[in-house]
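Got some structures for you, see below.
Presented sequentially are two complexes of subunit A, the first with subunit B as partner and the second with subunit C.
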Partner chain A sequence: MKALRRYIDKIKPQFEKGGRFEKLQSTFDAFETFLFVPNKTTTSGAHIRDAMDMKRTMSVVVIALVPALLFGMWNVGYQHFLSQGEATGFWPTFLFGLVRVLPIVVVSYVTGLAIEFIFAQIRGHEVNEGFLVSGMLIPLVVSPEIPLWMVALATAFAVIIGKEVFGGTGMNIMNPALVARAFLFFAYPQDISGDKVWIADKADAFSGATPLAQAAAGNMDQMPSVLDMFLGLIPGSIGETSTLLILLGGAILLVTGVGSWRIMLSGFAGGYLMGLIFNLWGANTYMEIPAYQHLIMGGFAFGVVFMATDPVSGAQTNRGKLIYGFLIGITAILIRVLNPAYPEGIMLAILFMNIMAPLIDHYVVESNIKRRLRRVKVKAA
Partner chain B sequence: MTRITKLKKGLDIHMVGEASKTVRDYTTGQFAVKPTDFSGVYPKLLVREGDTVKAGSPLFFDKYREQIRVVSPVSGTVTAIKRGKQRVIEEICIHADERPAYESFGTGQPSGMDRDAVLAHMLKTGTFTFIHQLPYAIVASPESNPKSIFVSAFDTAPMAPDQDLLVEGEGEAFQTGLDALGKLTTGKVYLGVSPSRNRSKVFHEARGVEVLHFEGPHPAGNPGIQIHHTDPVNKGEVVWYLRPADVVIIGRAFLQGVFDATTLVALTGSEVREPHYVRTLRGCSIEGLVKAGVEGDNLRYISGNVLTGTRIDRRGYIGYFHNQISVIPEGNHYEFFGWALPGLGKFSVSRSYLSWLTPNKKYRLHTNLNGGHRAFVMTGEYERVLPMDIYPVHLLKAIMVEDIDLMENLGIYEVSEEDFALCEVVCTSKTPVQALLRQGLDLMRKEMS
Partner chain C sequence: MSADTPKKEALFSAKNRRLLFNPLNKENPITVQVLGICSALAVTVKLEPAVVMAISVTLVTAFSNLSISLLRNTIPPRIRIIVQLVVIAMLVILVDEVLKAFYYDVSKQLSVFVGLIITNCIIMGRLEAFAMGNKPWPSFLDGIGNGVGYGWILIVVGLFREFFGSGTIWNFPVMEKLGVYNFGYKDNGLMILPPMALILVGVIIWIQRARNRELIEENK
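Let's turn to the complex of A and B:
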């Protein structure tokens, strides 16, 4: 380690102002702080600081996403061989998925980080760690059949328009990964919706419809079993299918305190309640499916656990988080069941509530202000 | 049946190096008064280098509130007036005489005096400067009329001195000080006591005050928190607050007619060989204390506690309002993959480091920032350590954009840096919370005057 440290100290001056590579200062700094926590000490205020920093926070989220990613890789292979009618072992299945998924992950990270590094250099900031999570989320919410250039384009759009124009990590209004997905959804609908894209190299005769599509079409007899949906043995976006492993990731977020339990809990509660309301209404077969099944179909669980809990684009007050999560749950199921144009509603529900979050917070904060003003009035009276 | 206000939010930081209850005497010839200790005071000097002063002689006054005079804690010769950037006066150094000489102000029994007489005596003796006020968390303005006065009898900050010990044997002076404070307000004098931390009769049997009971982790012992839960500051109102050791000095000014700044100081921190208490005068140099008493040389010396204290060097001086010295290791080293390690020994409120499995472990914390400064990302962190009905991040953002109305609406009159110190400690984005809050408080004060 000492030798590495000495080497870094030796080459550092070249990256500083006036040095040969001063244009790469942010990039150098990003790698240096990645390898070593810097020697910067407190200069004002409290003399001691918590060991938690943004790198740690974001890594926890990335770790929480790994189970869903690994399962997604395996499932891509599994669905492929299932459609072909072939039976293969675990490793060939996983390997097929790995070859499919890894390039998407790499393209997403390379595109996004390159843009982040450039912006950090222009702005004279340190490189923000936020994209470490977005870069992982994007591959997990696209179809395994997505062309790589589309991943690059969507990522670039999300980072620039979804985040950097607002000022970078911490300033964005909407979740960048969802912006990427929404971009694909509206720009290239044939590559991210319909029945053809959810299974890699699907045999033509095989129906590739997701449970959501089956339910929307009213083909209740062709729905997969509840266990399959919970475990994730269904076609869908790469990382969204296994509710079990998403919940495992959610547990990591909750134990470490990085994800908000308020948003997760109220999100699931909202979705479940909306399911129940549809059960009561019961106008068609879709409305009649048990409410809990809504929570394990499609991207609902993934959205609530990993997307809605984004602290930057979500509600910031504790009470606001409860309302925000609850409305995401309600809206997602509402769109899913009532709007035939959108088989899945979670993406639009979260993006919509991202926009509404400041409004929710505004009213929560306003009630605090009112309490303070009332205090004066009670005294005056 | 006494009502106990139980505060759940907050955080006790367990650190190695709490002072044992041994008290030793400590004398030194080197003293200094630092005008920067006096928040909200613009110093105008009354002494020059070479002047001789007595304990109680005024050193400087506030340019905008001329009644506020800061006096010397010791008799001797002014040896230097040190200035910093933009000629800000940093230290008025005094070399102490062998035998102390005191300015004589005449004695008095505050219970038999009226408000004006009590106030005049405190201003004359310089003891009034011990009183701070909300709003703005500055040295109080003598012309303001506080609706109540708060004294917190316990300190919950890391390794904080035991306040019971600080008033031991000073019962009469403490009570006299309280009597004086009682004359200054038309409302009540509140004494915030923690049943689990305070055993001293001096507090439990204090007369002429309303005793409040608080329990909870830091910052439960901060007067600002106690004010918020008892008699919150609204726009246009003023509340005064001070610490017990300062009440004792006020009491002495009435009983003995002199400014006697003798007090106990806790020498604490993981790098101190034998953490203990010393009896000394405010403003003394710590050089003699730390010369032989500490381990290593890459250290940070802090006058006060690790959350709000002032950085001094090893020849520095104890602050005018401080009863504690903290010595902790500097963190100016690189740590290979420090952010990625499991972190069994790392202090963090988040449970992303494994150290949450050992909640009672005492830490040897250093001064590394542990990361780079970022924009606000995480939410709900500050709220967990701030037991106030205030939205801290929204308030800080209002300060950033200098929105006066919003700052007022969000409760800027109720807060001080020490109450927000824990927010700064736990911040993932390493936001300089206290400096930012001070900026807001100063801006607000300027706008309102």
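Let's turn to the complex of A and C:
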């Protein structure tokens, strides 16, 4: 460690103003602060210091995603061998998935970080860590069968159009990982439509279709068991299948205070309530499935836990967060059940509410001002 | 502006050249004034309709500017909008009929958007802002300039959307001839959808403002 510190201190002057590699200053800075705690002091404004800086926050989210990722890898192998009708041990299954999934993760990170570094150099600011999470989320919301160039293209689109045009990390109005998925969804629907996101050399049509597709098609007898859906032994995008491990990740986010419990709770409540409403309506078999099943099918849990809680694109006020989460839950189930063209509603629901979040915040703040004004007037009178 | 200058101006004086070339960049109707966006989104799925639309709008803008400029001293101010509309409508119908007669396929692709040139804000805007107060020749140049300024954006957007969305350029299968489909390449379905036209226009605005700093608005 000491030797590394010494080495960094030695090469540092070359990257400072007037040094040989002045142009690469932000790149150097990014690596230095990644390896060591920065020694900068605040020069003006508030002096609140907390160990939870952006790097730490992002790291916690990445850690919370790891269980879902590891399970996703194993499940890729499991679904593959299941469709082949073979039974294999744990390690071959996991390795098969690892070989499939790891390239997607690598491509997503390399593309995204390369663009982030380029923009940081051009604009002359620090490279921020915003992409650490997006780069992990993108592989988790795509199908393991997706061609790698599509991943690269979608990542580039998400980072440039979804984030950098608005001014970079912290300024984006929509969740970049979902922008990437939406891009894939509309650009290459046959590869990632949400109904057949997966089939590793599939044996028959049944093993390929996700539960959402079965439900949308009205094949209720072919739905997997509730336990399978909860544990995640179903086809789907890489990280979305296991509700159990998503909840584990969600617990990590809640304990460390990184994710908002308001958004998660109201999101699940909204989804459940909409499920109940559809139960009452009961116009077709899809509407009649138990409301709780909606919460464990498809990407609903993943979206609510990891994507709706994005602190940048979500609502900021406490009451706003409750409304925001609740509407995400409602909209997701609404799209899912009523529009068979979009079997997976959570992506569109979150993107839609991302756009609405500033509006919600605005009215929450306005109503708060009004309430307090009234209190002042009552006192005066 | 120069209604009472006694000296005769050259046909392409510096001022007239400005009228012609400014709308191409610094006063571009789409990227700077943000007018005529609706049709820019609708007709740019392919290059061919985009080009036809660009030519049609240029002709209508130029000749309506010319006609209104000739009539400008005889139009009573209170009914000027109606008079302008009659002139534009006549020209648009002419364009529409010509397209139907000679380019029926393109005319069908453009569908209502040829008729909707009447409501294109650029044309009314130029008539009100320029032709009503200027001589015929500068007005004509202004019309051409604004039409071409509108048109080149349409053509650029149309080129990208057709190339990446359908893999063709002017219906010529470029991607197929390059053989990229054999490597697993697929056409981008998002390019065909209208939102992508908006994003492309946004990217053009981004590049333009990065090059011309004076176009960037002050942050309030």
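Here, the second predicted complex is superposed on the first by the 357 of 381 C-alpha atoms of A that agree within 3 Å, B and C clash if a C-alpha of one lies under 4 Å from a C-alpha of the other, contacts with A are read in each partner's own complex, and residues count from 1 in each chain.
In this text, a residue touches a chain if its C-beta (ideal position, glycine included) is under 8 Å from a C-beta of that chain, and two chains touch if they have at least 3 such contacts.
Quick caveat: nothing in here was measured; it's all calculated off a predicted structure.
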Next on the checklist: Taking the superposition on A as described, I'd like to know which of subunit B and subunit C A:10 touches: first, second, both or neither.
Outcome noted: neither
Next on the checklist: Output check: A:147 vs subunit B and subunit C. Expected answer is one of first, second, both, neither. What do you get?
Outcome noted: second
Checklist entry - In the superposed arrangement, which partner chain does A:369 touch: subunit B (first), subunit C (second), both, or neither? => result first
Checklist entry - Counting only touches as set out at the top, which of subunit B and subunit C does A:257 meet: first, second, both, neither? => result first
Item to check | subunit B or subunit C, by number of subunit A residues touched | outcome: B
Next on the checklist: Tell me the contact category for A:189 with respect to subunit B and subunit C: first, second, both or neither.
Outcome noted: second
Next on the checklist: Applying the document's definition of touch, where does A:168 land relative to subunit B and subunit C: first, second, both, or neither?
Outcome noted: first
Checklist entry - Can you pull the subunit A residues that subunit B and subunit C both touch? => result none
Next on the checklist: Which stretch or stretches of subunit B touch subunit A in the complex?
Outcome noted: 13, 158, 232, 234-235, 300, 302, 306-309, 311, 326, 328, 330-340, 343, 346-353, 365-380, 383, 389-391, 393-394, 409-411, 417, 421-422, 424-430, 432-435
Checklist entry - Of all residues in subunit C, which touch subunit A in the complex? => result 184-186, 188-191, 193, 199, 202-203, 206
Item to check | Complex contacts: residues of subunit A adjacent to subunit B | outcome: 1, 4-5, 33, 35-42, 44-57, 59-60, 126, 128-130, 167-171, 255-258, 260, 311-312, 314, 316-318, 321, 361, 365, 368-369, 371-373, 375-376, 379
Checklist outcome for this item: Listed in rising order, the residues of subunit A that touch subunit C in the complex are 147, 149-150, 161, 165, 183, 186-191
